[in-house]
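Chain IDs A, B and C follow the sequence of writing; residue 1 opens each chain.
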Amino acid sequence: MAGAITLERILALQAAYIRCIDSNELEAWPDFFADRCLYVVTSAENHKAGYEGGIIYADTKGMLIDRVAALRQANVYEKQSYRHIVGLPNVTKNGGDSAESETPFMVVRIMHDGGSSIFATGVYLDTYRASGDDLKLEKRVAVCDSSRVDTLLALPL
Amino acid sequence: MAGAITLERILALQAAYIRCIDSNELEAWPDFFADRCLYVVTSAENHKAGYEGGIIYADTKGMLIDRVAALRQANVYEKQSYRHIVGLPNVTKNGGDSAESETPFMVVRIMHDGGSSIFATGVYLDTYRASGDDLKLEKRVAVCDSSRVDTLLALPL
Amino acid sequence: MAGAITLERILALQAAYIRCIDSNELEAWPDFFADRCLYVVTSAENHKAGYEGGIIYADTKGMLIDRVAALRQANVYEKQSYRHIVGLPNVTKNGGDSAESETPFMVVRIMHDGGSSIFATGVYLDTYRASGDDLKLEKRVAVCDSSRVDTLLALPL
């Protein structure tokens, strides 16, 4: 069945998403999302407390496109270097043309002097929507373990 | 064949195991193991030297359940935050209803001030047992790269 | 079709490659490559600038074998401990008996005092060649995010 959301398709989407950001192809980033989507970056503390908002909150694809434009204008992203590593997705729901998964992530920041440090860790809470061969994120909540995440604004998670 | 241990099933178990711990759902952790099981946390140095014991040694599921109770009573786990990332499992044996794999892992510790550091790295030496659709760990030896792992007692690996 | 390069085969090769190095079974490392192969370690800066050379450059399997011999003679590798974690491969091309992928990696270095730090991060740009059930690397370019990678000479990436 073409529309079934296999683990392989989820792995492929997660890998391609990360590559898009770390290759600095940010303009392609909004296309990982469905037209009707929700993208939130928040902290574990706020998420646990049930706050719906976050450090970043976008509930239309247009807001994601605007965000890339803002990052390009601020020009901060290109001055810094990051590397995302995602772990194995844990598929918590899967039925019909929709699925959910939780995927741990880590972002390493590479300094100008060549040193590296852990920039952020957390978990992606994702909802997928399949339409034929097309798999999109309908919802991504990036829950950061640390509450010190203001500088995260420099790149998408 | 329902009982075949596919890579997909191994990926799913590894992802669910990690999620269980990092979501602080420790009471569900012993269920990843078969009733007759072995769980050991040791250092690379001791493992290489052939010592069978370890920092943690449990050879019944009941000992795992006891361990969770002790962690809850000590209440240490909840005061700290950890993030596991597992790499890709390397399946070294697979036949019938049993399989073995080696999976690298990393644990990041998130401090109260928001900073993060590498808490532990190592490799999971796992033996799986399948019973129908059910896949369990018959044996997990978590070999930590560093010999400085006493504080590991605060959470399962 | 026996020769098809499935995601599962790519995952298996990536996992086995990493295990070979971290288990210090370096003599088996050249066998992950095809007889006609290219292995390059370079920096993101140099790669972006289009420089074909690198910190390490080997265009025959014999050079890889020589490299292992040199590492063994220098005896540096065994004094240090490293742990590779690879993320999910992003398969960018796949057709017939050849495929390409980009796979993020991180290497952690474990110090003698027990502390750990990030040694290197980057991405593997790989070309695979399948011959029946046999899958080999025809080309691996390990692009390191940091330009400070001279000490990388101590182990293969």
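To be clear about the criterion, a contact is a pair of C-beta atoms (placed from the backbone, for glycine too) under 8 Å apart; a residue touches a chain by one contact, two chains touch by 3 or more.
Not measured: the values here are computed from a predicted model.
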item: Chain B and chain A - chains in contact with each; value: C
item: Superposition rotation for chain B onto chain C, Cα-based, multiple of 5°; value: 120
item: Distance between the centres, which are taken as Cα means, of chain C and chain A, whole angstrom; value: 27
item: Junction residues of chain B - those touching two or more other chains; value: 8, 85, 87, 106, 118
item: Sites on chain B touched by chain A in the complex; value: 8, 11-12, 14-16, 18-19, 22, 81, 83-87, 106, 108, 110, 113-118
item: Residue numbers on chain A that touch chain B, as the complex places them; value: 7-8, 44, 85, 87-91, 102, 104, 106, 118, 120-123, 145-149
